[in-house]
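Scrolling down, you'll hit the structures one after another.
Shared chain: chain A. Partners: chain B in the first complex, chain C in the second.
Let's turn to the complex of A and B:
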């Protein structure tokens, strides 16, 4: 196949299905749309529905049950309703920023999704240091949310955005420093190297194979919860005090963008954690003989792990009360950053003592 | 500054409290016992069977009027705080009785306070236990219990009935040779009473 397709492994994978040579442009387009449709829209539809249903179960009520067999089409019904709503833009808003901020957010998170491998060679971008790239995208997404609130010109939204800046200060260091340990073990900053050293069975995952990374996992998990702005860290949009927060002035489809971004953020955090710490897409049983169909099993196993983590995040959201501004800062700088740094220190010690092997190599 | 031991204690206590909170949510999440299951009534598709009996004994539902017992006194109209009852009568069959032609209750305005039911002297106006009265047009919410304006034919009929009744009374008086009958005859001819 065309050499350019090697840069996009998913396009290369699709290209192997076609016997006659077709222009690489179409294969790349197919790869990008496959990724976007399958892993962004389905994640929003599934994760959003899952969140509402689990929240209802925890709160002793029913949840969506009219729009579809068990309420499965509620997100689509909400989208349809949002399209017909009046699109109001405040007069003091910075119009172009107001209109483009949610679109920037959606595109940033789709770009970030491109770096996550869902199966062997099912990834859009595979360059060196893609782990750091993902952290940069996380920061950009958060800053764009600040601008979304700032562009409205309304004092309430600006207040919420500045509280969101506190979250920005809190999540970046734990998430970035938690990557030190996996990068140290993998030797390379790209996510595919970090996944490659892991395996399918639980004792080959990074958290179990190299035990000091558990501290990194915890630090990154809490850091990503802070990034999402979910309860218990909902400083920008809590149901008791800030209510809608920085999305107050948005109506109709623009407001629903923020809901989708929240669901996509949840899915993305779980994907990132599973990729780096919980074995990624590796399948526990040897399925090399399946050839190209092995990717489907790997993707399904990956999604299983992702959904377990997603449900754990949803569980945390609906169980725990919110923290104060000082508490999230204290948590981040006094607990998570030291944990991440000590994790990298201990990982270094481990690597020296075991000469780079993990516990998964023993079994 | 806390000592290291105090920090360690605080950390573990935080972990333990989070663990206990999360563990306490599990019965509600999976509905593990009847106390933890959902309590939503999915009205109107799936309501628990006890909903009609759940209404209180003196529940004030939509109003109804038994027009045969209604005297057309208009006390309900005067006592209604929102003036949602309209009563119009005309002279009826007997002397002093009313023919209740129009008796409209505007249920859109009615607040179900029950003052009209309290003052009704014959208890013809009463509450039902009906609470599902949604309609498509607001005009359908005006409940009419009136009998309609008396037509000329009806008035002729009444006059005929009245004359028949008077004739019967006179005939009876004549039969019984009572002084009433002769007195009535004399008075009707314009003579003074003795």
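Let's turn to the complex of A and C:
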């Protein structure tokens, strides 16, 4: 095995399909395009479509039903339409930042996806402390959102950008502290090792196997909702008061980038939660005999869990009114942060009392 | 050029325009706010974007020919404008309206009131981010629009009230459809209780916000739901009944004198319940007879002056007409309920957070076309 491929398990996985040794950059390229197409483009587009269909269902509308069977290609049709729209840049905008901000956002979120394992060896980057890396990427994406709004030079966007900075204070601490308990259990900050200590059956999932982590799960779930800037935390882009918030000035294809980023954020949040708390890619029954094809089943089961969680987020968004800035701060610092901290404390106690065993082992 | 590039590091307060085309107010209307962070330092409102000179146009038109213009004054409760005008002209000539016509007038007034309140609450829900609930409210308003379409062919500007009666008679089919609507609507009202009234987020966003004390409301000469939510029980339907409102049992909802956005919302919800009560009573005792007095083609009002006021969805809607005995009014003046609210709004908004501005304005139910007319 090539040494450089060790940190890229997916490239390693593809390498096993070839008999003769092939250039490593080729399999790395193959791995990256596989990741981009399957998990970034197709899955995120599916999330966008789901969102529109579920929202329509909740609001007793029909939703997209023209492009493709039951409107399934609507997202791609919209993207195609957006490409041909006029692309205007405001004269007051900081031009270079304005143009590059959505591209930076797209690439940041793609990079963040690299740390998520979708199956046993289907992970783009497997390195130590990748959980911390993910938190850094979350912060970076949020900060880039601020610059995206700031670069437009519009008073509306600047106002909502600064609201976004307030949200920065609210989501990062709960999310980062929620990772303490899983890291404590895994004894390692790598996402792969957090997945490795879990199992496919529900009683081997983190939240059930180590009950104190359920507080962390809740804290992280709400923290990630704040990060996504979705209702009830859509302070930066509440349609009623802030127009489209920091993306009001973006038009044409750039506006559709932001739509896509919103869906990607939702998909990424669900992936992260499933990976860390809900068993990750583990399949409920033993499928070792399938060999390399086992990865496909693991990935499908993982995506099933992700989409269930995604649907739950979508329900929340369309059912609740949005809250105020002060209410978000209060929720974050009075409820979520104490929850995450007490979760890690209780997990520590659990680890001492059970000598590191989960419920799955004890049963 | 360079220093104008969105410089945010500055001691200057941030100037932000809500409108003329924004979703904050129905119709074109500008609210300019000066901000220190999120706090509103000063507010200036600017109307006139939809001024059509309706009061002046009246001088050039016949008595009947002016009626469609009144629908455009407050197009969300178009019935009430026409009703006040028709009542003023009728009092000039001392016309007696047939009982069936009066009943139909009450019926459409209350239906229109429900429709208008529904849209007001829908916009309010939208402003606090409850888009789904907003859709539900619009769905019910759609049913009322369908009823009006069945009655007179129009969904928004009805021109239904005529001098001496109404334009069309109420059919059995309409009565049946209205009863059906009332049945589904009482279910919907329970839905709104769950989705909005008892919703903690909605309550938290609206309560203790935009508080108007009863004295402030009286000083600003507010009327309608905005006044009643502040604890002053003033309703023309009770205090100066017209069209025979005194014959029907209903209450003017009282909620104490808190006068915040939440009580304004709750009052509108309760008023819709009272309106359904009135509609039920009207439908159960519809009298037979003519629905309009035939006034002939060249109607001349007697010389003199008259004033009539009705309780529209937004408050007291008054029409003053002056006649020289010709085919049309020689002078006309409208007293619209949103006009005093606009002046008062500036005082109310200073010191609040900008994120609450749309909520407060939406709870006041301001209609730009009625302010400008």
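Of note:
The working rule: the second predicted complex is superposed on the first by the 362 of 363 C-alpha atoms of A that agree within 3 Å, B and C clash if a C-alpha of one lies under 4 Å from a C-alpha of the other, contacts with A are read in each partner's own complex, and residues count from 1 in each chain.
Rule of thumb we're sticking to: contacts are C-beta pairs under 8 Å (C-beta built on N, C-alpha and C of every residue); 3 or more make two chains touch, one makes a residue touch a chain.
What you are looking at is a predicted structure, and each value in this text was computed from that prediction instead of being measured.
When the two structures are aligned on the shared chain, A:65 is found in touch with chain B, with no touch to chain C.
When both complexes are overlaid on chain A, the residue A:335 reaches chain B alone and has no touch with chain C. By the touch criterion defined above, A:97 lies against neither chain B nor chain C after alignment on the C-alpha atoms of chain A. Taking chain B and chain C in turn and counting the residues of chain A each one touches, the greater count comes from C.
Looking at the shared chain after the overlay, A:57 reaches chain B, while chain C stays out of its contact range.
In the superposition on chain A, A:316 contacts chain B only, with no contact to chain C. Contacts of A:7 after superposition on the shared chain: neither chain B nor chain C is touched. The interface of chain A with chain B overlaps its interface with chain C at residues 58-61, 318-320.
In the complex of the two chains, the chain B residues touching chain A come out as 11, 18, 21-22, 24-25, 28-31, 36-40, 42. Those residues of chain A that touch chain B in the complex are listed here as 54, 56-62, 65, 315-316, 318-320, 335. Considering their complex, residues 55, 58-61, 92-94, 150-156, 158-159, 162-163, 231-232, 234-235, 238-243, 318-325, 327 of chain A touch chain C. Residues 4-6, 8, 14-16, 22-24, 35, 37-38, 125-133, 135-136, 139, 199, 201-202, 204-205, 353-359 of chain C touch chain A in their complex.
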